[in-house]
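Letters are used for the chains, namely A, B, C and D, taken in the order the chains are written, and counting of residues starts over at 1 for each.
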Amino acid sequence: MQKFNGMQDFDFTTRLGDLILKNPVITSSGTYGFGEEYTDYCSPAYLGAITVKGITPLPRLGNPVPRLAETPSGLLNSVGLENPGLEDFLRSYLPKLSNLHTAVIVNISGFSLEDYALLASALQDYASPNNSTNITSNSSGIAALEVNISCPNIKHGGMAFGTNPKNAEEVIAVVRKNTNLPIIAKLSPNVTDIAEMAKAVESGGADIISLINTLLGMSIDIQTQKPILANKMGGLSGPAVRPVAVRMVYQVYQAVPLPIIGMGGLTTWQDAVEFMLAGASAVSVGTANFLNPLAPLEILSGLEEYCTQRGYNSIRKLVGLAHRTC
Amino acid sequence: MYLQERVVENRLIGYPDQGIYKLVLYGQVAKSAKPGQFVHIQVSDTYDPLLRRPLSIAGIDQDREEVTIYYRVAGKGTDLLTRISVNEQVSALGPLGTGFTIPHTGELLLIAGGIGVFPLYSLIQVLSTAKVSVKLLWGGENQEFLESADFNYLKYLGVDYEVSTLDGSLGYQGLVTDLLEKELKTSKTPTGKEIKSARLLRAAACGPRGMLKAVTAICLKNDIPVEVSLEERMACGIGACLGCVCTVRGKDGNLKRKRVCKEGPVFDGEEVAWDAEV
Amino acid sequence: MQKFNGMQDFDFTTRLGDLILKNPVITSSGTYGFGEEYTDYCSPAYLGAITVKGITPLPRLGNPVPRLAETPSGLLNSVGLENPGLEDFLRSYLPKLSNLHTAVIVNISGFSLEDYALLASALQDYASPNNSTNITSNSSGIAALEVNISCPNIKHGGMAFGTNPKNAEEVIAVVRKNTNLPIIAKLSPNVTDIAEMAKAVESGGADIISLINTLLGMSIDIQTQKPILANKMGGLSGPAVRPVAVRMVYQVYQAVPLPIIGMGGLTTWQDAVEFMLAGASAVSVGTANFLNPLAPLEILSGLEEYCTQRGYNSIRKLVGLAHRTC
Amino acid sequence: MYLQERVVENRLIGYPDQGIYKLVLYGQVAKSAKPGQFVHIQVSDTYDPLLRRPLSIAGIDQDREEVTIYYRVAGKGTDLLTRISVNEQVSALGPLGTGFTIPHTGELLLIAGGIGVFPLYSLIQVLSTAKVSVKLLWGGENQEFLESADFNYLKYLGVDYEVSTLDGSLGYQGLVTDLLEKELKTSKTPTGKEIKSARLLRAAACGPRGMLKAVTAICLKNDIPVEVSLEERMACGIGACLGCVCTVRGKDGNLKRKRVCKEGPVFDGEEVAWDAEV
């Protein structure tokens, strides 16, 4: 196990509004299973938080295979929100998550406003008791909800909630009505104006913004002359998308006062510094886990070294520095 | 479990145009490896290609702490792997997956298609051939391929085998599934005992999906339990991304997903929903 | 020089509406200078067409340096439309372009509708005489205009023309009014709905659609804690963006009946096949020229081999095959 | 002009932690290379890193058809370059750019900062030192650096030189621009002639931008024409992308852009608009 808190007086505490984490390194929804898969390599107790796979009201089989296609420095996936559904999640997964000694963020996905309302109110009952004063960790229950608004809205022709500001605001407002948990609105990058989306979810009542979800992409097999993914299109993640993600974090930081969780191609501690300079208060590690299960730990120790070498006694000093004008 | 393994050997074996390499790794993986499991190897430091590559464990030497892998150069990733030199460290997650059931008695029929023979090598290696009668049926493109895929090692293992090639350059001309049908049509079991008393006959297979589907159908028709080792594109290799699923039919008749990297790569042939397109 | 027309009866002729090219391989605006830079490596006479750097009415110095930042499998640039301006282009560059024995596409960029009108009508006078019946090549003059609508609209708060369907339609309509040359509308990928943009430029009167232009991105230097590009943000190109480009070509092919020039990370002949299967009638090579000046020639010979091995006697057989349902 | 060059030598020289390599390429480049020009090298087959890397030509041997390059490992690209073995082919565009003016008489003062000395090596090498008096002023971090950057080769070339280091571990302690000021303050020209008759004194410099700016100011104050070799991030390397521009002030007083890869990398120090921020 790597050591990453050498300097006793370095303050790793990360404040995302009322959500207070012991450090800024989170793992991303859909890339870290239900927290148990990576325990052989990296104890979740070292992480600021983990985000579980997107949960829907009912169980979902997801898309057929192939679900993965590799692209230059990127990965296309079309898992299609395979998940055990709310009931089984609460029964079989949440209890185990509470043993991991880290803050648990539950990612929720829906295909209608009702779906989101149902998930929010059901999960409210499992809220972690101490989510507004203490560091959220070592505590059972859910620390925050991350609302995945990149899902297609079945009632509106399948256009994703997250690509229209009005719909995005509505989804967040519905979740707000049904929970006291901190709400993280997860933005889709497949939009013309990310700042406008950030303002919309702020109006809806989001406490925190996370971005980016995957970029919509496609890859075609020239032998079969068909899309590689059974679902044809999929979400692009990994280092390839990092410049787009950093740009969006930078824009959202200027557009709204909400704290930001930055992600998208974040693979090394240098990338984590880049996202924090752009304006992220915390960072989330996704595809990088597949390349290197130790990535979250290496990012933690790199962040600390970067800060202490520059005499910053707190991780919070980094946030948004790239916006300084001189 | 995040393991740096040292490369002991990494070289082309057989005919150059077959592009088959033997890779021997020294380290922790060997300590707990089981036949049918795999390692997930980082082939380079760059982000292109991005992902690790899954490769089956074909030989296990616990004393020397070495595992043997055979791989065929298929693209950018395996090509980069060939450039790693002896004594370099590679990052290999593993051993991963569940592996084959290892019978301690009775008879075992192994069916391999192409490079699908590699995981079966390790199964043969760990079996006590004194107690279990083993026969391997192996189909390949042609003689050059079979010889390049370390046919000699198979002969050295001393098991009973029969091969087929598409062009007839070695063994039976045709598909390995033909060999299997023929094998089961004889009144004798593959290893010579009466078929009626063959309660302990099992099968294990690895190869292309179409072949495994056919093998499963033949085995089930003959009431032989069969394990198949599946391949699927993988990202994490440890069950976290749900990229590599296989569709199975549960006891309740409902379709379910299982992860090839975690609940597999070895599955009970009967549970696989071969034709599911959901 | 590579040989790439080995099969005498293979038909490389590419039809983009009235614009007929000897083959489908074009080089992209901003990556091939004014056609002369690469002549040591690859004779433009072998190409279907070349596209010149974006021209504006007045000369522009463009942005300060650094203008380039490398990202995983990608390149960020912020050249900022440096160009000699219309007058000097016509005087000093166009005559030389006519000696290259290939079709010349002039990329035009503006910051107001008036800019586009001015460029279109001025360039109309230099139209290549035989643009609608013969293969456009060996001919002096301009074969087509490519309208870059990714530029900021100065009169509308700097929002790019190409991110709003109404504005995009207007720009194309203005160009249409001022030219008889084939109009290629070049779409920006920084939009929520690329199909909607394609329909808008179709309504505006575009004959051909080219896509994608660069994705907006950013990269921050963790030593200086400032964006690497002097202009802060830049355009992402190269293999990293290919999955997004292929997806958009696929979507536009389904949305409008116009011929498509596909580009975005296209580097090898395999990539060219992928774009054509997705629906592109021609392909354009951009960043790949920087990696391999022979890329356009290698793509040509690869395309021919792919087709002839499959018994296609014409390059046009490839177009859109990935849309077949069986 | 798209050239495959064969690697004749590629090895670390000097202290390992200085990371300086010598690379010798056999092929077409040597035939027409001029001092101050560069090659644009493809460091690997992958897309990460994506771009070629520009490296100055430090030595030219037309008879053996070899060019020598020195490079310091700075990141992913140069690191990949170290892994290329002798006898492998690399793709190198070049020779590119315009290069230094080569005087055939008079005196030449060379000013180098750090690895900026490398292109000057080739200039020294081609000069007829019988006809041109040359003196090199070279500033570096410390002795270890200077020695690793093939100081011995410089001594072997037999030109007059003076060095400075930041820590005083070799030569004068301080900046190379101090050396330059001192040099020009003496009543003698660097090569010993009277300064008043120094009509044929010229200067050429390569190093970090800040240093080149200071060198230019000092030279111009002393009425010495100076050529500077600039660095800029490059994509195409041949003038097609406009990524690598340098801002210059035209004769008409207006700012203009020139391409470092095409009109440069060597510029007249006087024309460079050192403070332009447009």
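One rule holds in what follows: a residue touches a chain if its C-beta (ideal position, glycine included) is under 8 Å from a C-beta of that chain, and two chains touch if they have at least 3 such contacts.
These numbers come from a predicted model, not from an experiment.
Chemist: Quick check for the class: compute each chain's Cα centroid; which one is farthest from the centroid of chain A?
Modeler: D
Chemist: Pick the pair with more C-beta contacts: B-C or A-B?
Modeler: Output for the comparison: A-B.
Chemist: Can you work out the whole-Å distance between the CA centroids of chain A and chain D?
Modeler: Taking the average C-alpha coordinate of chain A and of chain D, the gap between them is 48 Å.
Chemist: Centre to centre, by mean C-alpha position, how many angstrom separate chain B and chain D?
Modeler: 57
Chemist: Just curious, how far off is chain B from chain A if you go by their C-alpha centres, in Å?
Modeler: 37
Chemist: What are the residue numbers in chain D that touch two or more other chains?
Modeler: Residue numbers touching two or more other chains: 47-49.
Chemist: For chain A, which residues are shared contacts with two or more other chains?
Modeler: Residues 69, 71-74, 238-240.
Chemist: Taking touching chains as linked, do they make an open path (line), a single closed cycle (ring), a hub with spokes (star), an all-linked set (complete), or other?
Modeler: Topology of the interface graph: complete, with all chain pairs in contact.
Chemist: Mind listing the chain A positions that touch chain D in their complex?
Modeler: For this pair, the touching residues of chain A are 72-73, 239.
Chemist: Can you check the complex and tell me which residues of chain B touch chain D?
Modeler: Residues in contact with chain D: 44, 46-49, 76.
Chemist: Tell me, which parts of chain A touch chain B in their complex?
Modeler: Against chain B, the touching part of chain A is residues 30-33, 37-38, 40-41, 53, 61-62, 64-75, 77, 79, 82, 238-240, 267, 287, 289-294.
Chemist: Could you list, by residue number, the parts of chain C that touch chain A in their complex?
Modeler: 69, 71-74, 76, 163-164, 190-193, 215-220, 222, 225-227, 232-233, 236, 238-244, 246-247, 250, 265, 270, 273-274, 277-278, 306, 321-322, 324
Chemist: What residues on chain B touch chain C, complex-wise?
Modeler: Within the complex, chain B contacts chain C at residues 47-48.
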